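Each of the two complexes below includes chain A, the first together with chain B, the second together with chain C.
Take a look at the complex of A and B:
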């Protein structure tokens, strides 16, 4: 029976050596992405969510652990990955101002992946025009430079570039964080449409929980390189278990009374996110945790499945394991 | 009836750039009463920060101010001499900037930066503090900004502190001189959600305790909603709507405000809403009439010809839109 998972990440670790020690950017995380779903990865800055995305796309080789794409092991850096695998996995970066080469025209930018993967030889104007139309940009933009475009339009170009090679898996690393809300809505809707049209699976990385609520089917929350909680979206927002999830949810500024009513009460945000070099012992969240137990600063909790598909890494639920 | 502290009328600001003149602020008017918490919302590039810089008279060199009336406690800021301005900035108005990393000097310890501010603001009111008194005052300010171990903070360089701590230091600095009005320009935007929440709660508590007025600028609508009494909505250099916070969020009138509120994804789900179509007008050649006309779904012929004025739609809810009369 073929697996329902397009991507499996198993015990993935990515450490960086720096002069003062080792930064454990991603520390032993596991998750799967199913065919056609949007898997959300949330967390604050420095939680390792972008690093996870970069390792999956192959920008870094993992320190240890496995990444399986359709069952094929691709736990190596991008330079050793077969070309046909690279084609399947594309990425859209956060800031289109830096992810598009300012000295190339839009046509040259979108053309490059087509050439690399041998999809079109010679003049690719036709294909580039089609791609631009697909992301609802005027075809005349072909000869313009990224700086002549607005932020939202640039991000559309980045999306067109990712779609150029007919990928089946796209990593969206904060695709709308650098943009205004009115433009964000348009881009997200477009991405959701493409997902249906081309059967895409997304790994959606963002710090914006309200956005995540509306796009993802399952959500994992990261804190200091580890996944704290993983659950289907509804579960995650209506029945958050991990104290960090509760704190994050109660901190989101919202604009309607209905939203205010669903925020967890009385979990006031305190403390600072520790630096990645001195991660607290035991559960890394314990210095900020309002429900801390005695065991928390000594033993790092394990991932527990509380209800089907709802995982949490917290000592509070040790007795509730199913 | 409370007294007006700051009254801005007919504020126009242009910028000279290569290739022409950007007509950014267009007839901006806003009012802040004593002890009032006012919010200014709008998307990037709509002129929120420019408005505040005009009030502080710290616009960049290429700015032109063809017309402006900015009254602070009845005195026109535009006509103030350098020494009067110095007095204003040292004793009355202070600003917290978006990026605390850029607002602090990286090569001086917090002690040196904070001491200067404490010393000069006190000199302004005729108090010549000794070194010990200055230190006591600095420690008190840092405590007020909820920083643990203020003595250690004083001896740190900015890079030794986290983003949230740096912003707290900036708040402490602003508190030293903001006796009447505090301008907070996106104070939490460069920080993480949980830390932003802490900073905003701290700011709110401080201004309520000290009975200072505050202008909170933000593009995060939710952050503004939980904080201020009254909101101004800005679009492309114009104030388009002004009302009490609850009115703006419950019953927005201007088509832009409606579109903006609808575009925010909701925590309660329901899918991602449609955004506002089109893009912000070019400041080089802005539309003659309403600046929102090209993106507005209710646009009428008059909108292209004439600039809408602010009209009162009842209950002090003001809106600049022809849909509600001329």
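Take a look at the complex of A and C:
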């Protein structure tokens, strides 16, 4: 029976050696992404969510653990991945101002994946024009430079570049956080449309919980390189289990009483994410945790499946294991 | 021109529109010093090219002796006076531009491509062994004062213009390697390079078509400013007798010859010295202007 997972990440670790020690940017995380779904990865800055995306796409080789793409082992840096698999996984970066080479024209930028993967030889103008039309940009933009475009337009160019090679899996690393609010919805709608149209699976990385609620089918929340809770989106927002999830959800600003009622009971958000070099012992969240137990600063909790598909890594639920 | 078109097709140079050049010229012309530098450089280049036609006594540039007219002070017949052999100093200064410019152009043409390519490679492979090898070798050359190394090489080999140029080239490339290394190793971490890697672009493409175009501004600025430095160094070598040999009208050689007759016959020394100063000033002002243009583009 063919697997329903396009991507499996198993016990993935990515450590960085620095002069003062080892930064465990990603510390033993596992998750799967199903065909056609949007898997959300949330967390504060420094939680390791972007590093996870970078390891999956191959910008960093993992320290240990496995990345399986359609069952094929991809646990290596991108330069050692076979060309025909490279085009399956693409990425859209956070800031299009830095993800597009300022010295290359839009045509040259979009043309590159077409040429590298032999999709079009010689003049690729026709195909580039199609891609520009697809992301609703005027064809005349072909001869312009990224600096001559607006932020939203640049991000659309970046999306066109990612789609040029007909990928099946796209990592969206905060694709809207660097953009004006007015353009964010347009980009998100476009991404959702392309997902249906081209059967894409997304790994959507963001710190924006409200956005996550609208786009993701399942959500994982990361804290200091580890996944704290992983659940289907509904479950994640209506029945959060981990104190960290509760804390974050209750800190979403809301306007109406209705929205307020949907949120978990107010949990006062305390402290900030500690530095990655001095991760607290035991459960790394314990210094900020309002419900900490005695065991919390001694033993690191394991991932528990509380209900089907709903995982949490917290000692509070040790007795509730299914 | 053909070469420029070819580079554009290859994607090393960005395709440009007329308005881009207009913008660049506007930025450049905002600073009167840059324009002055450009004018100086253009005038010097034209004088050097047309030297046999614009000088009053073209044959004085070669072996020529006229002791009857030796050591004449500046006059209408000899605007810059004549030297100890009766040769017209103005003529020799204008021919001297030739050697200075040929030296600068030759050295920079020899030095820039390997320097830049090594810098790109070392920067792209930052922290790998190839980076270590290239940059440590570059460090060795940088550690030796340029004039000292050039002196050593020229005194071992036969002293002439060619050997002087080779000597200067040998110690000049590491500066380009270092310049490009610094830029390439930081550009390498930019998301647009990561994007190219994810796509699967070749290392050649990433180095020469993604990174290099972003370094060209700085390289061109350095080439312009370096022209001045190379001329100083070349003149210094000639001054100590290890560069161009008499009767070649090299500005450095003229300085050292004239120095013996200072201060009474001052014009043999002062005019070549001023000529060197003017070229250097011209290239420096021009280089500043070039830098302004590219700095504006970067923002």
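Keep this in mind: the second predicted complex is superposed on the first by the 320 of 322 C-alpha atoms of A that agree within 3 Å, B and C clash if a C-alpha of one lies under 4 Å from a C-alpha of the other, contacts with A are read in each partner's own complex, and residues count from 1 in each chain.
Everything below uses one rule, namely that a contact is a pair of C-beta atoms (placed from the backbone, for glycine too) under 8 Å apart; a residue touches a chain by one contact, two chains touch by 3 or more.
Not measured: the values here are computed from a predicted model.
Superposition model on chain A: chain B and chain C are shown accommodated side by side without a clash. Of the two partner chains placed by superposition, only chain B is touched by A:259; chain C is not.
Within the superposed three-chain model, A:247 lies in touch with chain B and out of touch with chain C [touch as defined at top]. Of the two partner chains placed by superposition, A:8 touches none, neither chain B nor chain C. For chain A, the partner with contacts to more residues, out of chain B and chain C, is B. When the two complexes are overlaid on their common chain A, residue A:28 makes contact with neither chain B nor chain C.
In the overlay built on the shared chain, the residue A:305 is in contact with neither chain B nor chain C. For the pair chain B and chain C, the minimum alpha-carbon spacing after aligning on chain A is 9 Å. Within the complex, the chain B residues that touch chain A are 43-44, 162, 164-165, 192-198, 200, 219-226, 249, 259-261, 263-277, 279-280. In the complex of the two chains, the chain A residues touching chain B come out as 44-45, 150, 152-153, 180-189, 192, 207-211, 213-215, 237, 247-256, 258-259, 262-263, 269-270, 272-273, 275. Against chain A, the residues of chain C that register as touching in their complex are 11, 14-15, 17, 190-192, 194-202, 205, 209-210, 213-214.
Of all residues in chain A, those touching chain C in their complex are 54, 57-59, 78-79, 83, 86-87, 89-91, 93-95, 98-105, 108, 112-113, 116-117, 143, 145, 158, 161, 165.
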